[in-house]
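Below: a set of structures, written as structure tokens.
Heads up, the next two complexes both have chain A, just with different partners, chain B and then chain C.
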Partner chain A sequence: MNKSLGRQLKKYRIFYLMFLPVAVYFIIFTYYPFLRGLIMSFQENRLLGNRPFAGLANYRFVLKDSNFLAAVANSLIIGLWDMVLYFFFSLGFALILNELVHRTVKQTIQTIAYIPYLFSWAVIGGVWVLIFDLQGLVNQFLSIFGTEPIFFLATPDYARPLIIAMGVWRSMGYFALLFTVAIMNIEGQLYEAARIDGASRFMQIRKIILPSLIPTMKTIIVLLSIGVLTHFDEIYVMVNPANRRLISTLLLFVYETGILNFQTGTASAGATLVMAGTLLITGLMRKFIGYDKE
Partner chain B sequence: MKRTRVLVMLVVLLAISLTLFAQGQVDKAAVEVKVLAGVTGGKDDAENKLFEEAMEKGTGLNITWEKVPSGYDQVLMQKLGAGEQYDLIYLNQFQMYTLGKQGALMDLTDRIAASKVYAENVDKTELEKIQFNGKYYAGFNKLEVFPLVNVNKAITDKVGIDLSKLSTLDDYYQMLKKVKTHMEQTEGRKPYYPFFTYMPDIWDLQPWFSSVGLRRGVFIDANGKKFAPYVDPKAKVVWEWLAKLYREGLMDPTSFTGKTGDMRSKMWQSQDIVMDVDWAAWTGLYNNNARTAGTYPAKVNVVGLPGTKGPSGKYMLEQGGASLWAIPANAKNPDEAFKIIEHMATKEGALLLSAGIEGHDYNLKNGKIEYTEAGRAHAKDHGAPFPISKLFDLSVLGEMNPGVLESVSIGKRADVEVAPMGYANGELDARKYYDIMSKWMTECVMGKTTAEAAMKGAENELRTNKLID
Partner chain C sequence: MKSRLSKKDNLPLGLSALNILLLVLVVVLMGLPMLNVLAVSLSTQAKSDAPGLVLLPTPPTFEGYTFIWKHTNLPRPFFNTVYVSVVGTVLHVLMASLAGYILCQNKLPFRKAMTTFILLTMTVPYELTMIGIYAVNRDLGLTNTYAGLIINGMVSGFSVFLMRNYFQAIPLSLAESARIDGSGEWRIFSSIYLRLSVSGLMTIGTLELIRRWNNITMTITLISDMKKWTLPVVLRFILFDQTSTSGTSYIFANAKMAAVVMTALPLVVLYFFTQSFFSSGIMIGSVKE
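Right, the complex of A and B next:
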């Protein structure tokens, strides 16, 4: 075995050498900080000097903290809704886009849908405030019908839907692009054969496009499941005292505890739990969709 | 021959000692004192370099003044957490408590007690405010002022309101009502919300809670029990008053979602509000901005008011949490770092931290300050608009922004009590307190629940989180 590994390494040494910088990069910037964070989660909250071993105290503290538990619930609700809506909206959008015949129109719509993905969350937050503020576009439109203005940004009923919609609006174009690329890779002969057999366009979508997209769907589902517990930026730009109870997520908890309060041990314990939760969700999702099967 | 030999030896000894002395001087000067600064310093990289040089000239040290342009708290945490060594760091009072408890800061008690500069320049009452368990872990960046009620008199004059007569919650309510009616019916600005209060940190409410003699934060009673006055049954009337303002359209709804910047531009730029609670310095800044825009004093003429009179006949205002300088426990040059802390408390340091850098922000003509264009743009603020040195005469800075001195002088009135919020001897997790209070009390002010229920909910959550006993 060792001989074989040695032979392999020797044979493909040039490729391994090419891979080396990438491996070093990940070790330095990903695995080392992660390891440090993991160690810190078992230490007392100290920013400088020696950090005495604290055992599981930070984990016990976090798991008893009502704010953390509320953040778990909020993260799951927002994350899972986002996951489902990102998936179906982007798939639907890609399928509709594929039906457009005019190339320029198709590309223009695709670009418009993709552009929000390039914006920072701060910009998107500003745009959404302009749209949903008390004197924003939506309320101006509603006023035409004599409707009283709705305070979307500070009404608890709208808190989660707005955050979820914000994410969908930003990312739909990106995921649709992934689906579009996969659709473009479908062999033209399959459509040709289907047409000869008299299959309608709807039938072609159902029997050719959707089955061909399964590998892409699996990849996107795994990517989305990785993001379920890691919503932060959109929350950070939109949180206020009126909606905090409903949209405060795990990473906001970690940020406020670790950065603003210098409780590094507690925040690291929270972050490690987020990591473990993400691994669990992703693992379950992989199993559920049969990601590793052919 | 013998005499010549002695002379030669003396010359050699002198040469050696001079060389060593010079070497010592070079070594001393070569010590690099590393400072991590938040707001204090130059306004941009170029000016920060000049600020660094001015600080070096003032202290005789070799200083690296690293000013973080934004997100200071995050940078401070990351740099210290990563083990980066600094000799001096800028921090706020809450951070001082947190890092002091963690043993991350050097104990400065003996240094401060022995400092002639501090004895001459710093008020003892100010020093007491930053004591933590009988010790000092930091020195001052500036003298903290206080937020007070700011009212645009240019608007209230139109409806014939005598501002000097406002002293109860109802007085202010009636004033806001009259202004709303005038602005909506006479000036056609509908809807007009005359009052903005920044709710996220329940920051600006002290002038109103003064009416019932309560202060923000958590305090410790005679039996050692922690309590939060804002959830005391006496506070109910103030929460109900705020809810009434919101219900009747007297409070700007964006108080819950907007930022302080929004509030300020509504005050002086668009005159969308007539009243807020903001720093005493902002009374002047509102007017100065309006003067630049050509709207002072016809459209904007902001004046500071002490708020509402309490049961003891006094007005209670809240002093801002101290902005401080501390020496990290791993600092290499604590002596030099303390020298900088001392310099900032002197009159010379005060001039640098307010007016700025001579030759860049101002020039001296016949002993008087003449501001350059850069100096005027920097509005006499390089970290300390109100320096900590009690020997520093603010009048040397020249003409102040309109209304600012009057606002600041309110804090010195015999019937006004200015004190910091309750930190429960440094034990309070201020961030958690703000979140819990603002979350519950926003529901009350927005009318989603009663004041009683919101106060009970907040009290329970404060207790569950061990913020109160």
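Right, the complex of A and C next:
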């Protein structure tokens, strides 16, 4: 057996050789940084030289740090709202879009909704700056009802809703596309059978389309739950002194503490807690929706 | 894509009207802001800062574009982004298809272990390891270099599995007969597998190009030298942090929006050329592993 394995390995040598660059890449740039971060979270804040181990000191520090705790709250609020709204808006949009009969119109609307997902968060930030400006689109619209112009981007009350809406605006079209692809794959005979049974279109949506979408819904929920605590780019783009307290998330804390202020131990401890939190949220969601059952 | 919609039942009139109303609302909410940005970018300086909604620039002018291009030294980040994105994407597609090809050799010993090895890299989003990534890159001398931006993200589990799924659709007999004819594995890989998976290569290539063009996290983690920044990071400074963009005192809205359009437009163009690949990529990508 061993001899034959040896022969096998020799025969397939070329494949292992071809795999080498990929393996080396993942070890150096994915596995090792992960471990490195984990180790640093138990070491003193030092980027150069040797780093004495500090036990759980970083974790204790982070868990008492008011900035970190505020970031936990912000991340949960922004992340969970985004998750729920991404899901229902994209599902709703895919469903109403599917009722359109005209194919070209349908595809055009789908494209318009998808385009923002192609853009960097900095571009979306630019759109937001323009439309929520004092003289921008939104204030122009509100002025029809006699509302005084509001400086949305500098008013704390609007900080979180604006960030959440930004995400929905960018991502709805993408997730809707996932639903649309799944709707297109539903067997035509199912509708046929329902029609013979005299089911109205509304009933068909409820009894055929929605149940057929359950696997897609589950996949999307798992995808979204991985992202709950990882909001970063949009925060980095939009954060300013007026909204910082309300929207600075965990990853912004990690970035500012570790990369900008070189407190690598503190930042790594924070990042490790975020990983644990993500694992917990994803695990709970998977269990809740029965993702691993089939 | 089989359901032809002609035979479909319709909603009752009331619901149907509501449905259309909602869709109009979606189009307005999504389209109007984009139109607004485009129109302002093509307006004159004075017009773009005056009150009133601009949806049609009269007459259109490129003065915002010329201003931002010259006065904030935008060519530099623009070509940084093109360089890093294009080179990075070519390498990414090569590496991912190589790994995908290996993972579909179903008699290869340890194939399961290799698959798991790659699958595991997808469990932790890379943003969560940014401190470790920074430390490792600094030790390797890759911080503040274009090489650092190109190498990080040179392959991803997502792309590997997408390519593997494409390759699995190619009959094994093709490779077998080529082997009997004495072709080496490199030849089989490049002249059979790559050639038959052009749409797969286009899919991961397009997705990777978009990802790299838009990337903020990796750039600000690895690069502190402003000269090496990419477009999105510079755009953020133009929009929010005017004092730090090369001493220009005030950037008018038309110039800001011109920068937005210049960052966004290449991707829209790319999207319309590669649109057909997108849905297939999304379908295969969303299959449960």
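As a convention for this text, the second predicted complex is superposed on the first by the 262 of 294 C-alpha atoms of A that agree within 3 Å, B and C clash if a C-alpha of one lies under 4 Å from a C-alpha of the other, contacts with A are read in each partner's own complex, and residues count from 1 in each chain.
Simple rule for what comes next: a contact is a pair of C-beta atoms (placed from the backbone, for glycine too) under 8 Å apart; a residue touches a chain by one contact, two chains touch by 3 or more.
These numbers were taken from a predicted model, which means no experiment stands behind them.
Enquirer: Please tell me, clash or fit, for chain B and chain C sharing chain A in the overlay.
Expert: Once chain A is superposed (C-alpha atoms), there is a clash between chain B and chain C.
Enquirer: Answer with first, second, both or neither: which of chain B and chain C does A:T278 touch in the superposed model?
Expert: Touch status of A:T278: second partner only.
Enquirer: Which one hits more chain A residues, chain B or chain C?
Expert: Touched residues of chain A are more numerous for C.
Enquirer: Now for A:G290: first (chain B), second (chain C), both, or neither, which partner does it touch?
Expert: neither
Enquirer: I'd like to know which partner A:G55 touches here: chain B for first, chain C for second, both or neither.
Expert: Neither chain B nor chain C is touched by A:G55.
Enquirer: State whether A:N240 touches chain B only (first), chain C only (second), both chains, or neither.
Expert: After superposition on chain A, A:N240 lies in contact with both partners, chain B and chain C.
Enquirer: Looking at A:T216 after the superposition, I want to know if it touches chain B, chain C, both of them or none. Which is it: first, second, both, neither?
Expert: A:T216: touches chain C, not chain B.
Enquirer: Tell me the contact category for A:G258 with respect to chain B and chain C: first, second, both or neither.
Expert: It touches chain B and chain C both.
Enquirer: Clash-wise, after the superposition, say which stretch of chain C runs into chain B: 60-68, 114-122, 222-230 or 258-266.
Expert: 222-230
Enquirer: Determine where on chain A the residues touched by chain B overlap those touched by chain C, and list them.
Expert: The answer is residues 47, 129, 133, 240, 258-259, 264 of chain A.
Enquirer: Give every residue of chain C touching chain A within the complex, in rising order.
Expert: My answer: residues 1-12, 15-16, 19-20, 22-23, 26-27, 29-34, 36-37, 40, 50-53, 95, 98-99, 101-102, 105, 107-109, 114, 117-118, 121, 124-136, 138, 140, 151-152, 154-155, 160, 184-185, 189, 210, 213-217, 220-221, 231-233, 235-236, 239-240, 253, 256-257, 259-260, 263-264, 267-268, 271, 275, 279, 282-283, 286, 288.
Enquirer: So in the complex, the part of chain A that touches chain C is made up of which residues?
Expert: Residues in contact with chain C: 5, 8-9, 12, 14-15, 18-19, 21-23, 25-26, 28-38, 40, 47, 93, 96-97, 99-101, 103, 109, 111-113, 115-116, 118-123, 125-127, 129-131, 133, 135, 137, 140, 169, 173, 177-178, 181, 184, 186, 188, 191, 195, 200-202, 204, 215-216, 219, 226-227, 230, 232-233, 236-237, 240, 251, 254-255, 258-259, 264, 267-268, 271, 274-275, 278.
Enquirer: For chain B, which residues count as touching chain A in their complex?
Expert: 73-74, 77, 80-81, 83, 95, 98-99, 102-104, 199-200, 253-254, 256-257, 328-330, 429, 431-432, 435, 438-439, 441-443, 446, 448, 461, 464-465
Enquirer: Which bits of chain A are touching chain B when the two form their complex?
Expert: It comes out as residues 45-49, 65-67, 129, 133-134, 151, 153-154, 156, 240-242, 244-245, 256, 258-264.
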